[in-house]
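Next come two complexes, and both contain subunit A; in the first it sits with subunit B, in the second with subunit C.
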Partner chain A sequence: MSRAWLAVLAAAVLLPMAVRHALATEIWIFAIFGLGLNLLLGYTGLLSFGQSTFFGAAAYVAGYLLKHYETNVFAALGVGIVVGAVSAALVGYLCVRRSGLYFIMLTFALNQMFYFIAYQWTTVTGGEDGMPGIGRPALLGVDFRNPLAYYVFVAALFLLSLWIMQRIVESPLGKILQAIRENDVRAEAVGYDVPRFKLLAFVIGGAFSGLAGVLYSMLFGIVPLEAIGFVFSGNVLFATLIGGSGSFYGPIIGSFVFIWLSESVSVVWERWPLLLGVAFVIVVLFFRGGCVEAWARFWSWRERRRALAGIAQ
Partner chain B sequence: MALLRTESLTKAFGALTAVNGVTLEVQAGTLHSIIGPNGAGKTTLFNLLTGQFPPTSGRIVFDGRDITGTPAHRIAHLGLARSFQRTNVFPALSILDNVWIAAFARGRSWRGLVWRRSDGYAEVTERARVALADVGLADKADQPAREISHGEQRQLELAIALAAAPRVLLLDEPAAGLSPDETQKMVALVRGLKGRYTIVLIEHKMDIIMGVSDRVSVMHFGSLIAEGTPAEIQRNPEVRRAYLGGMVAE
Partner chain C sequence: MSDLNRRDVLKLGAVGAAGAVAGLGFPAVIRAQAKEVVMLGIWPFTGAFSDVGPILDRGMKMALEERGMKILGRPIKYITRDSATQAGASTRRVEEAVDGEGAKFVIGPWSSGVALAVSEVAKRKKVLHYFSGGTEDISGARCHRYSFQWAASPYTAAKTVVDTFMKANPRAKRWHLLVADYAFGWSVEKYIKEVGKTHGLEFVGADRHPLGEREFSNYVTKAAGNKPDVVAMINFGLDAVTAAREIFNFGLTPKLPLIMSWSSGVEELVQLAPEIRENLWVGSNFYYTTDTPVAKEFVKSYQAKFGGPPGYAPAAAYGMTRMLLHGFDRAKSVEVQDVVKGLEGIEVNDLVGRMRVDAQTHQTLRPFFFMRSKPKSAMKNPMDFADIIATGDTPLPAQYAACKDIGSF
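And then the complex of A and B:
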């Protein structure tokens, strides 16, 4: 097992001892959301500004089932994953043939469209008030109303998601998506139907977003309208960029930084998103690879200093 | 029988007819060169053959099958592989991955696409390594493509086409931008491929063409103005007037 995996495992065990259980749970949920985005952003080179479409759609549908029918947890998760994947297929189908700014704007515009559906359809979604009253039905005798039990469940699902995503990026598909990111004309010329592969990346990313959305609705017992709004799309994007979209583990670090910042700073400073903006600018200007790159650079700087010190002696 | 054939192939970009009624036959196993001055439409002809864009009119027949209008990725699966005049690789990927991607596509099987680990595809990796060895890049396999020299990128460009195990190899000025030394190496390389593949070669440098070609077609302002053996082409007065005169003086 690699060192990165050991670090992730250690974090999963230690986190609930360090912070509130709900916060710890939210970090892993957001990390799943980020993993899904990064398949598009980091691997395929598609900047989707509409990931909350899949997150929110899954949260509403599964939340509705949980609320009104107290569905089995796994059934709710399964439905959420399918809703995430299907909504992503729909959005992806309309977007994959566009590129650059058009692509970004279109993902954003479609996200807005879903947002307004949720906003208007108050009988189901509760509109601005959100959809409250979502429970966490027990599973195999485990009571998920206990925060620690729910934390363990989410952390386990995160690890499973991480493993699945690792298999995906290490498969031929992972290489093909990166090839498309690097040079889509050549990828097409050597035999890949580029729009179709981009669509596949959307669907997989949407499935992960859907899973995250359902877990989120169960965590807070409510689907807030923002869950399908552009702020959520922006949050996961910023978090992933800050963590490092060029790295497989970047979204996890991004999730830690983002959720921790929003928790600790937002209480003392209402305008904390400003800080997020500053962090984003720093990343874009100096550390395109986000925290992962900053960390790697710090280490090589230290090594060099050590080596110099060695020579000086 | 001709392996690759075009019938009155035409491509117009607005008012400009880049390829104009080209009828061409490439015999299996030969090296067929296409020459012509800048802007003659040679690259556009390749773009048509590989399905980059559809022709305005005319037909393309590959191995007895009409492939006119077939999208680029399907044509690649049929066994038509090309290299590009302007180096067109995957910069951040390793040299091996650059070639692996092409080798995998030619396998025409999507089995294990999202789940099997890519290092488990032994035959694909083997084909990729052979292609790298063919162009002399075997020892650079793990370097990112963006870190190698221009000359090596030209070799990689060729390796990507070879990795597809093509039935027809379309080479668009493989020696573009190379030093005289590197050009020599590239010529030797192409000569080594002759006989193993059916090759269509676009080239500017006359000495290369005359030494390696079985047949030569000359393009001028989008049209074919002559075709024959290298010796016939050199003697052809129309070719000399349109094109060779300038080149020979160079």
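And then the complex of A and C:
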């Protein structure tokens, strides 16, 4: 087991002791969401501005089932993952043949479309008011209404997601996606069906978003309209970029920084988004690889200092 | 030397980080003292209504300060959280304030959708929640023992607006409605049409626009095409202001009267040029010339503090807080369920006149105001926008009441 994995495990165990359980739970949910985006952004080089489409769609469908039929938790999660994947396949199908700005705008536009469907379809989604009253049915005798129990459940699912994602990015598929990121023309020339692989990345990313969406709806007991809004898509993008989009662990760090910091600072300072803005500018100007790059640079700088000091002595 | 500096910097960084962690994080460690009564104002400091958050905060603070930040001999600790006009963030922050800071009494937020989410938290966490706004559901379909509604029922508003307007303009029978397309808009629209029947009104059009619409020209052309005697808007805030401007620019007003059925009063009127306000009729939950002793006192001290008259937002925050404190007084207890019982059926003369809380629905039964805007020549000062021409307090008739059983604790 690598050091990074140990660090993640330690964080999963220590986090609920440091912050409130609900907040800790949300950090891991957001991290799952970020993992899905990072497969697109960091590994395939696709900037999707519509991730909340899959997150929100899954949250609504699973939320509806949980609310009206009190479905089994695993069934709800399964349905959410499928909804996330299918909606991503739909959106991906329309988007992957375009690139650059057109691709981004399409993901954004389709996100808006889904948003307005949710907004208008009030009998199901509750529209502006959201869909409240989503329960957390017990599983195998464990009462998930206990925040700690739910945290453990989410953290375990997060670790599982992280492991699966690692398997994916290290598999041949992952390498193909990275090849597409580096140069899609060359990947095509080598013989890979680039749009198909992009679509596959979309579907996998959508499945992760879907999982996060269901967990989110169960955490708060409500699917708010903004869960499918473009600001939410922006948030996960933002968190992933701050954490480091090129890196495997970037979204986790990003999720932690984004949620924990915004929660803590918003209590002290009303105009806290300003701080996030400054952080974003710094990342874009100096650390394109986000926190992960900043950390790596700090270490290499230290190593060099040490080496130089060694030579001097 | 440089080495030392670097170490110092690192140390400082570590100390700073530790300080930040201690100060900002770990809210679970900070517990409220047992004797304090912790009240939470969940206001929109960022996001869609970030301009309203600070003035809501003012209103609540003023009501608490009047009592010397004390209730029944106990100190009140007033905390705020940013609702960001997002249901998810609000839910999370209210829960945090309840668990971490021991907040037991929650007032706010500003948007109806977010309020319903907060109301769910209140129900789950068993804390008292007071809200003022357009949604019918708090005291209707989603009523429960812990949430209260301060704003008048949409029915009360519709009845006041239509009855008073028709009294002044008995021949204006053709109405065109411009409605914000969400729960609040629909319920006011429904009741305006209901009340309209009794006056034999003809609704020549009812156009719905999305929340946050900024381009009203196509709605205005449609309205003009219907040749109405009056245009009535059922929208709020910047939507209402933008629409009123466009309707004026198109030349519909001031020839035709324009009704803003559910306005925040001063906050919207100040954004309209005097010519636009010429034939304008405004319904509101509060106007600063309200003739009650409490309102007079409030307006005086608000003006002294902030240099302008209060609109609906600060008045609502102030009014809700006062009602809540009356609830404490009546219950003679600081326990949530006692205060809920204290508020149920309470009857006071307060900010907007005679106010009563319906125990069956948790709706505050209270007057709604209808104003007529003044021409520029009649304005005594730059903030003298309108005269209150009527108030109405007809409660929601039983056949419309959606809160069948408010339930138990």
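One rule holds in what follows: the second predicted complex is superposed on the first by the 310 of 313 C-alpha atoms of A that agree within 3 Å, B and C clash if a C-alpha of one lies under 4 Å from a C-alpha of the other, contacts with A are read in each partner's own complex, and residues count from 1 in each chain.
By definition in this document, a residue touches a chain if its C-beta (ideal position, glycine included) is under 8 Å from a C-beta of that chain, and two chains touch if they have at least 3 such contacts.
Computed from a prediction, not measured in an experiment: that's the story for all the values here.
*Asks:* Between subunit B and subunit C, pick out the one touching the greater number of residues of subunit A.
*Replies:* Per-residue touch count on subunit A favours C.
*Asks:* Of the two partner chains, subunit B (first) and subunit C (second), which one does A:Asp193 touch, if any: first, second, both, or neither?
*Replies:* Once the two structures are laid over each other on A, A:Asp193 reaches subunit B alone.
*Asks:* If you stack the two complexes on chain A, which partner ends up touching A:Pro172: first (subunit B), second (subunit C), both, or neither?
*Replies:* First partner only, subunit B.
*Asks:* Would you check which partner chain A:Gly277 touches, where first means subunit B only, second means subunit C only, and both and neither mean what they say?
*Replies:* neither
*Asks:* Quick one: is A:Asn183 in contact with subunit B, with subunit C, with both, or with neither? Answer first, second, both or neither.
*Replies:* First partner only.
*Asks:* Can you give me the overlap between the subunit B contact set and the subunit C contact set on subunit A?
*Replies:* Touching subunit B and subunit C on subunit A: no residues.
*Asks:* For subunit C, which residues are in contact with subunit A within the complex?
*Replies:* 3, 6, 23-28, 45-46, 53-54, 81-82, 84, 86-88, 91-93, 95-96, 99-100, 111-114, 116-117, 120, 124, 135, 137, 142, 181-183, 210-211
*Asks:* Can you name the residues of subunit B that touch subunit A in the complex?
*Replies:* 50, 52, 71-73, 76-77, 81-82, 84, 88-93, 97, 100-102, 104-106, 112-118, 121, 160, 164
*Asks:* Using the touch definition from the top, list the residues of subunit A that touch subunit C in their complex.
*Replies:* That would be residues 18-20, 22-23, 26, 116, 119-120, 122, 127-130, 132-133, 216, 220-222, 224-227, 260, 263-268, 270-273, 305, 309 of subunit A.
*Asks:* For a test of understanding, state which residues of subunit A touch subunit B in their complex under the given definition.
*Replies:* Result: residues 167-168, 170-176, 178-179, 181-183, 185-194, 200, 204 of subunit A touch subunit B.
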